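Input: a single structure, listed below in structure tokens.
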Amino acid sequence: MIVAERKPFTEIKEMLSGYRKILILGCGTCVSVCMAGGEKEVEILASQIRMAFEKENREIEIKEATIQRQCDREFIETIRKMAGEYEAVLSLACGAGVQFVAELLAPLLILPGLNTRFIGVAEAEGVWSERCRACGDCVLSETAGICPVTICAKSLLNGPCGGTRDGKCEVDKDKDCAWTLIYRRLQEGGKLEKMRKIHPPKKHGVRIYPQRQVNEEFKKEVKSEK
Amino acid sequence: MSKKTFQEALSSGKFVVTTEVGPPKGTNIERLLSAIDLLKDRVDGINVTDNQSSVMRVSSLAICHLVQEKGGEAILQQTCRDRNRMALESELLGANVLGIHNLLCLTGDHLSAGDHQDAQPVFDLDSVQLIQIAKMMEAGKDSAGNELKGAVKFCVGATVNPGANPLEPQLLKFEKKIAAGAQFFQTQAVYDVEGFARFMKQVEGFKVPILAGVIPLKSPGMAKYMNENVAGVSVPDRLIEEMTKAENKEAKGIEIAARLIKDLKGVCPGVHIMAIGWEEKVPEILSQAGIG
Amino acid sequence: MAEFEPKVVAFCCHYCAYSAADLAGSLRLEYPANVRIVKLMCTGRVDASHLLKAFEAGADAVLVAGCEEGDCHFREGNIKAKRRVGYARKLLREAGLEGERLEMFNLGASDAHKFAAAVNEMTERARKLGPNPLRISREHRAKSIEQRAKRTRAPGTRAPEKPNERS
């Protein structure tokens, strides 16, 4: 999932100066799971903003809503009409969601309430950690299912750097050295010979930003219901 | 010392000595220049570090050029931290044009260790790939396969950490570096000659010269600090004790470094002295070790 | 604000604090009358949003009272509540309210005295901190609307005398 965290409250407050009627829009998928921008977070943020503004004798009217996904046209369409009644939308989605809402509801102003951080997993209750850098050229078959691009602080493809120490990373003593993990798992699986292969430099040419993917078989023209 | 190139020195069968200088942070280079003057005729090569410890400094290439101008043999250090493959390749061409033909390929410390923590870490390549590309460029092509008008010529080196724990992944990478074309190695600092001899035994089949790293101790505190904070370095207690008891720490540090070098003579084909601010004491260390 | 009588909201677990509150009543223990009790099956039901909304509605202090740690009927509802109270305090501070207005208490069903003491403590805290700042701004706003209304209701007449204050 995409893992995000809420922007500092002071930054959000600053962003909202000048608005008197806003819609806080949550996203029901990734950022709900990582407790940054789901229905509950919308409710809490709205409450905080109302209190902070009221304390300063500033008027603000807040509408709370959450859609299943802000990265999907069909869900955004459902709030088009309602959103039009507000001066701005404070979106609690990842950067992709914020942009898609902005694109579909333009010229309505969309403000981001989150900082998008990484693609990761729910490691434990309340803990998320990065697992994929979306490099577009997966090497996990060669590295025992541990991504050196993501887990190694230097994204090294050919083994550990000289800074690794007792299986830990040079950057942070609490983090495991990706290449020590890879080495151990390959060894346990009897596949250590994989560590002898020299991996060539990544082909970054396949990733010219922004990227796009089309599935010709399923491609269909879509129109917004304006 | 006769004017042999570093590569000639490596293949001559003599005990090879290299050392290193760290470019300053700023344009005052007087001290560096006098260190180069003191060192250039006593060693077979002078490494010039590349933004060492991720602290921004004068570029390695510029100082290598000054070393060559003064008649020294420069070894250009290049890390993968600050330059993508295009910048690195262009730097290698530049080095050759300036007459610099020795290259040490490193991964580089992470930016989080240094003074530009908000910069973008690059790591487009790793050290193995950088060695490979240097060799490709010797064959007349850049990493994208484009023809070079005039190939490069490098004696390409790499690093290995004999004290790494676990050692095996480090050894596997060491093998890859050799397969990629590494012609010499410089190691992390060695204090335990016996342990290092065991490491040398393990890798004796590879026939690539390994220069053992020597860092002169300045104080017992420095030894303890390295034990706690530097990967793969372990200063034995007896050396720390020797330093603690010594009245003249400086003389003792020099004496221990010279002794290490003498002991290493039978173990490996050379040493690489990293003086870290004590560059002017390297000639004294060498004299005490019976070199030059 | 000499006559300020704090409003306290108490989120009480059915199995302990609610019974304790009941017992406190039976024992005729003295505790402030204007505590509003919200009964829950477990404090584990408490969410940060509930706590914030109590303050939004004008509470001067809020307490969450659950079972002693280790005694929760739902194993760890009270432990979760404690963490949420901590989180809600942070959220309150961000919004500009004092975190001390919110507290978690642990007690047993027979701890009537402990319940009364908890309510007394939160009432005292609120007294020291003064009314919920939102109430102050609300009253202030209400007054200014009233004054504006007066002014518009009597055009041409003499404006009410301004209180002689320099602040």
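Things to note:
Each chain gets a letter, A, B and C, in the order it is written, and its residues are counted from 1.
FYI, contacts are C-beta pairs under 8 Å (C-beta built on N, C-alpha and C of every residue); 3 or more make two chains touch, one makes a residue touch a chain.
Because the structure is a prediction, the values reported are computed rather than measured.
The touch graph of these protein chains is an open line.
Across A-C and A-B, it is A-B that has more C-beta pairs touching. Each chain gets one centre point, the mean of its Cα atoms, and the points for subunit B and subunit C are 67 Å apart.
Subunit A and subunit C have Cα centroids separated by 37 Å.
One simple way to say how far apart two chains are is to compare their mean CA positions; for subunit A and subunit B this gives 41 Å. Looking at the complex, you find that subunit A touches subunit B at residues 153-167, 170-172, 179-180, 182-183, 187, 192, 195-196, 198-202, 204. The touching residues of subunit A, counted against subunit C in their complex, run 9-10, 40, 43-44, 47-52, 54-57. Subunit C meets subunit A in the complex at residues 47-49, 52-53, 55-56, 91-92, 94-97, 133-134, 137-138, 140-141.
Residue ranges on subunit B touching subunit A, taken from their complex, read 80-81, 85, 106-110, 112-113, 121, 123-129, 132-133, 143, 159-161, 164-166, 168-170, 172-173, 175-176, 179-180, 188, 231-232.
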